[in-house]
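In what follows, chain A forms one complex with chain B and a second complex with chain C.
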Partner chain A sequence: MRTVKEPGSAHGGLSDWYWQRLSAVVLAFLLPLSFLLMLMVFSGAVDQQGLLDILDHVASRVLHTLLILALMVHAYMGLKVILEDYVHMLAWRIPLIATMLVLMSGFGIWWLALIWAWA
Partner chain B sequence: MSKMITLSVFRYEPGKDEKPSMQTFEVPMLKPGMKLLDALNYIKWEIDGTLSYRRSCGEGVCGSDGLNINGVNGLACITPIEGLKQPIHVRPLPSMQVIRDLVVDMDHFFDQYRQIKPWLQAESPLPEHERLQSPEDRERLDGSYECILCGCCTTSCPSWWWNGDRFLGPAALLQANRWIVDSRDEATGDRLDQVEDAFRLYRCHQIMNCMDACPKDLNPTAAIGHIKRKLVSRKS
Partner chain C sequence: MNEQPVKYHRPLSPRISIYRWRAPMLASIAHRASGVALVLFVPLYLWLLHGMTSSPDHYDATLTWLHSLPGKCSLWFVGVALVYHFSNGIRFLLIDVGWGESRKMMRFSALVVLFIAALASLMFAWLLFL
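After this line comes the complex of A and B, so read on.
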């Protein structure tokens, strides 16, 4: 008779999956806007002062903040899944995920500081 | 003289052979519509009796002869020779422990099937005759109950290759969903609890190799998507 080692369910995973999809929806709306802005700059439709005026506007700052938060959440969830898929040793996996979380949080906070001109 | 078919067949006997090898066989095209299993039978019966593979019903019902055929998983008994590029590369199901030649160890696969408790769980008293189901409720089981557990889907799934010890795989999850949607089953909550796990369920990244490989044209990816939607609706 074989002994089946059955660890059971950890009752998690739904929130990761949910946030990954929710952030994807936000990105689907907001990323094209940033590309549109870049296109307008490169085509000459908006000059430097015009670009600064757009970025300074409070609505732009709020949208920009949402974009960065969604980007960070989405990238973190995606990279975490990749690490979980391929890094099987817990002694590597957990420190790698933690390092990624710290680096990405730092990057996100720095970017938010730029948006809201804290720096 | 009948047309000849060339096959390149995986051979390995652990404990005896140092490493696996591919052996080439020439088999006559015995009849129109000849299936790959007929060619393997010919090799076994007429050329080399030591070739090992599983087979039983020979008509796509028992699920014994799941193999990797020219790189794609399928059942040898319902795969026509015509249309297969030659030499036909016949290998055991990917990522499985080989017992001998094309025979693989299916224990873990069936353990995972057992983990989803593939039987009716109901606490309400048994009716006098049987637990009835409306034709509409019965229809919801279409696309799930036809699964023959051949393992073609699960062994074609890269997520299962990397994390097969924890990810239940498409075949077990298709069956998990089969019991979740069954109107007679009363353990839906427990069933959802048992699969709500970053590895057991959420390792599925919708690669869709499973639906491509399924010899019964079932769609485990859709079933897994349905379980995920059930979990979201339970939470939100």
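After this line comes the complex of A and C, so read on.
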């Protein structure tokens, strides 16, 4: 008899792979923009009023929402794969992944609230 | 059940010690390392935006921090990780759709991506510190 190696449904692996790539494509477009914004603030090309004007714009709120969703999906899937590689004891692995999921969803929701709240 | 399940003594996944170092392998490991480094980008970016959207005093304080040594180092670190993970991420996606799958192409593209990251690290250092 073979022992079960991994918990979870057999089809879960493909959808993880797919979500990792879908979120990667979104991030490839949006993440450089956010880093550029930081550099523009750093260099003084944008002052506080300019930054607020950018962040206020509805396009920026929508793009930030997409960015956050993609970040959470991508970072969760990525870190999950890494934990599955290095943490072999299921008694550790499963609570670790669960804690990560809870922390990241909370963080993501908090961030979304901030994005739609700033005036 | 005759076999004793050797539960906790399986080798760790990337068995680095048994391989010869090659550019594609380095590129894969660096992808994982830069992915973990980029996780730091998330709270950093949120924290910066948070500070910069409140009072003008708060904005100035955040900007002052950005220009301090820890601030510049964070920007440099996150920037290099981003450029690397971005370039190699696109390389991985292209390989996934079947482009450049030959051993020779994989090696060449790995070298290109590593070179881009090295260039970016110099460029960011010049941009931030000089």
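Definition applied: the second predicted complex is superposed on the first by the 108 of 119 C-alpha atoms of A that agree within 3 Å, B and C clash if a C-alpha of one lies under 4 Å from a C-alpha of the other, contacts with A are read in each partner's own complex, and residues count from 1 in each chain.
The definition used in the following text is that a contact is a pair of C-beta atoms (placed from the backbone, for glycine too) under 8 Å apart; a residue touches a chain by one contact, two chains touch by 3 or more.
Note that the coordinates shown come from a computational prediction; the quantities given were computed from them, not determined experimentally.
More residues of chain A are in touch with C than with the other of chain B and chain C.
Applying the stated contact rule after C-alpha superposition, one finds that A:79 touches chain C and leaves chain B untouched. Applying the stated contact rule after C-alpha superposition, one finds that A:41 touches chain C and leaves chain B untouched. When both complexes are overlaid on chain A, the residue A:18 reaches chain B alone and has no touch with chain C. Within chain A, the residues touching chain B in one complex and chain C in the other are 85-86, 88. For chain B in complex with chain A, the residues that touch the partner chain are 107, 111, 114-115, 159, 162-163, 166, 193-203, 205, 228, 231-232, 235. Against chain A, in their complex, chain C makes its touches with residues 1, 5, 7-8, 10, 12-14, 32, 35-36, 38-39, 41-43, 45-46, 48-50, 52-53, 56, 59, 63, 66-67, 75, 78-79, 82, 86, 89-90, 93, 96, 127-128. Of all the residues in chain A, the ones that touch chain B in their complex are 2, 4, 6-14, 16-18, 81, 84-86, 88. Contact residues on chain A toward chain C in their complex (touch as defined above): 1, 3, 21, 24-25, 27-28, 31-32, 34-35, 38-39, 41-42, 48, 51-52, 55, 71, 75, 78-79, 82, 85-86, 88-89, 107, 111, 114, 118.
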